[in-house]
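See the structures that follow.
The two complexes that follow have chain A in common; it is paired with chain B in the first and with chain C in the second.
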Partner chain A sequence: MNTFFEDFATFAPALVGGLRISLLLTGASLLFGLPIGLIFAFGVTAKNKILRFVSVFFVEVGRGAPALVLLQLMYYGLPNANITLSSLASACLALTWTTAAYSGELIRGGLQAVPEGEIEGSEALGMSRADTMRFVIIPQGMRIALPSLMGFAVLLFQTTSLAYSVAVPELMSQAYSTGSSTFKYLTVFIAAGLLYAAISIPATWLSVWLEKSMSKHL
Partner chain B sequence: MTLQPVTVTKPVVEVRHLAKAYSDTVVLRDVCLSIPAGTVTAMIGPSGAGKSTLLRCLNLLEQPDSGEIVIDGHRLTAGERVNPKDLAALRRSAGMVFQHFNLFPHLTVLRNVSLPQERVLKKSRAEANAKSMELLTRMGLADKADQYPSRCSGGQQQRIAIARALALDPRVMLFDEPTSSLDPEVGVEVLEVMKELAAEGMTMIVVTHEMAFAANVADELVVMADGGIIESGPPRQILQDPQHERTRRFLRAVLDR
Partner chain C sequence: MDMLLAILIGLPMTILVTVLALLIGSVLALPLVAGLRSHNRFVWLLCRGLVDLLRGIPPVVWLFILYYGISVGVIRLTSLQAGVLGLGLVAAAYLAEIYRGALTAVHAGQWEASSALGLDRATIWARIIAPQAWRAAIPAYTTFAIGLLKDSSIASTIGVAEIVFMSNHYARQSGGSITVYFVAAAVYIVLSVPLGMLSRKIDIRMRKTVTR
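This part shows the complex of A and B:
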């Protein structure tokens, strides 16, 4: 047991370094993916055919294709088209796509769940379509979508472990290389799992707390 | 014998030959209506008669298929494209109160009443809040200003909705079964406010099942059935001596229960 903790302490710097990359990748994918997702949320129901077609295409492919396929496509596939990205950039691009696709559908669901009566109430007051969107539909729709978006963010954080397959030095790949140089796979993967859990579990608590506190007066 | 002075005022609302159908179901057939300023019109009739649809057509929450609507000089002809400016002007002239209040649950009571003033009338936050507080005080709800609607009773919520609509200084108030989702006791609070409004000379069109309100407050009673107006006139006259068989049947059902 003592050796477990000693090994744990030895591995910690490399693993924590990897964890930072995992968090960076999660954060960047959310930063770019959520605004694009908001655009997709409107795009898939847009009257404009081109906008709708493009949105549906990216949403369906982003949700239909496994994240691992998108990661490999961006890192190993794009160079064939003379686009070469660093491992981190290609992973970020792939996971941004996944995030935009899933969050687009979650946000659309939230916007559509805003009761029709409130929209009519706003229209009957003479508020413009844009004002109704800005002051009634988006604030409430985002509130409705937020718990599932937080749940998605936790899943995305865990999905970043797939980026080890495109040489991103994140937590999973740090664990893997530490394991292969020390052969203490059991210890190192338990440690990696604990680090993933140390982020995911409190994040889940946070989302539950946020959901409760935001729906207090609804 | 003294004659009551007859004041002929220009109608605030005029409806000409309004018709609407959902595919095969006709909901409004050739409805004509003229509402003079300062009068209260109660609309009664069995459900499915088209009362709510008529009211919702007046501010274009529903699109009529044919006919014409004039509210406070804003003319709308069915089938013609309405530009957003005219639509906004028309909706500002006609304040609407819904059966289910339709307040914004994510905003405080004060914000509910102030936001439309800021966005539609382009008032400053301070001006809007001053007007909101004046109206909320009149409704006896000044202490609820910082609460959220869900913390208010149904009767309070409906009065907030009335304040929200009044804040835009409408020329006519449209009430779509304002007490139907309230307990009878709570509904009384709302009816009191409506009576006050009527006494102040607000032009009102009220779709309702409150026969006492229709009899005592309304100047004109409109009976609708099967998408059309079958009878209209002074409430007492219609309630005591209905001319139409369909009216008799409806009144028996609501009064003799």
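This part shows the complex of A and C:
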């Protein structure tokens, strides 16, 4: 047991450095993915055929294909279309796609859960459609969608562990290279697992708490 | 066409990994959900901790722990064994939560009525509660199963020759092209669409026979 902690201490700097890249990748994917998801939320039911087709395509492929396939598509596939991105950029692009697809559906669910009366009320007050969306529907819909978006963010953080397969130097790939140089695979992967758990378990608790406290205000 | 065939060689493995992991998960989730409903604080804490840990650590880490981690000892798992076991353990934790939610969806009156009729506990569980809870669990269960189908691709990282592994293999052999990955994505989508439709159909039929 003692050697486990000693090894843990030796591996810690590399692993924590990897964890920072995992978190960076999660943050960047959410930063780009969520606004696109909001557009998709409207796009999949839009009257404009092109917008609807594009939205449905990206949402269905983003949710239907495994994240691993999207990562490899961006990293190994794109260079054949004469677009070569760094490993971090291609992983970010792939996970942004995943984020936009899933959050698009979650946001759409949230917007649809806003009571019809809110729209009728806004119409009665003479608000324009854009204003109704901007000030009435979107704020309430986002509040309804927030707990499930939090839940998705935790899953996304876990999914970044797959980015090791496209050579992003995140937590999993740091663990793998440490393991292959010291042969202490068991220790280093348990250490990496605990680091992932240390972020995702409290984050899950937070999303459960958020859901409970939000439901009071709806 | 060549490409599609090369990818589809991995299809049986994808289905095998998914089905076996789902089986292991469905069975192991039962003791877990019993523990989550236990009044014994120690048992509850143990199961709660286990479920949180299994869900809090990414599946790929579990696969690596099982495949590379315990290969040093006496037991050495093959990549298929490690993949199925790892995904099965993670599935058990998620399914335990799904079962737990489904059990709370069964109306308390069902318990009261069964006791009032003088049924013993085993009969109440087997004949009254479990069939209704199962119906309530179906939508979440099938959503999870579709997710697991996609997660089975993670087993390619430890060398299980399923769809993603085969597409990579083909991409490397043929000098690579972006189409391979789109075809692989399409295979997963084609697999999951009918599953989703089936689940909605069963759910609508089952819903009629659940009390609220």
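The working rule: the second predicted complex is superposed on the first by the 218 of 218 C-alpha atoms of A that agree within 3 Å, B and C clash if a C-alpha of one lies under 4 Å from a C-alpha of the other, contacts with A are read in each partner's own complex, and residues count from 1 in each chain.
Please note the rule applied: a residue touches a chain if its C-beta (ideal position, glycine included) is under 8 Å from a C-beta of that chain, and two chains touch if they have at least 3 such contacts.
Computed from a prediction, not measured in an experiment: that's the story for all the values here.
Once chain A is used to superpose the two complexes, chain B occupies space next to chain C without a clash. Of the two partner chains placed around the shared chain by superposition, neither chain B nor chain C is touched by A:5. Look at A:53: by the touch rule set out above, it reaches neither chain B nor chain C. In the superposition on chain A, contact is made by A:193 with chain C only, not with chain B.
Ranked by how many residues of chain A each touches, chain B and chain C are led by C. Centred on chain A, the angle reaching out to chain B and chain C in the chain A superposition, using CA centres, is 100 degrees in steps of 10.
Of the two partner chains placed by superposition, only chain C is touched by A:64; chain B is not. Once the two complexes are laid over each other on the shared chain, residue contacts for A:117 go to chain B alone; chain C is not touched.
Superposition on chain A places chain B within reach of chain C only down to 24 Å, the least C-alpha distance between them. Of all residues in chain B, only 59, 61, 84, 87-92, 94, 96, 98, 100-106, 115-116, 119-120, 148-151, 161, 164-165, 168 touch chain A in the complex they form.
Note for the complex: chain A touches chain B at residues 117-118, 120-129, 131, 135-136, 139-140, 143, 217-218.
Residues of chain C that touch chain A in their complex: 52-53, 55-62, 64-65, 68-72, 150-151, 153-154, 156-157, 164, 167-168, 171, 176-178, 180-182, 184-185, 188-189, 192-193. Of all the residues in chain A, the ones that touch chain C in their complex are 60-61, 64-70, 72-73, 76-81, 158-159, 161-162, 164-165, 172, 175-176, 179, 183, 185-186, 189-190, 192-194, 196-197, 200-201, 204.
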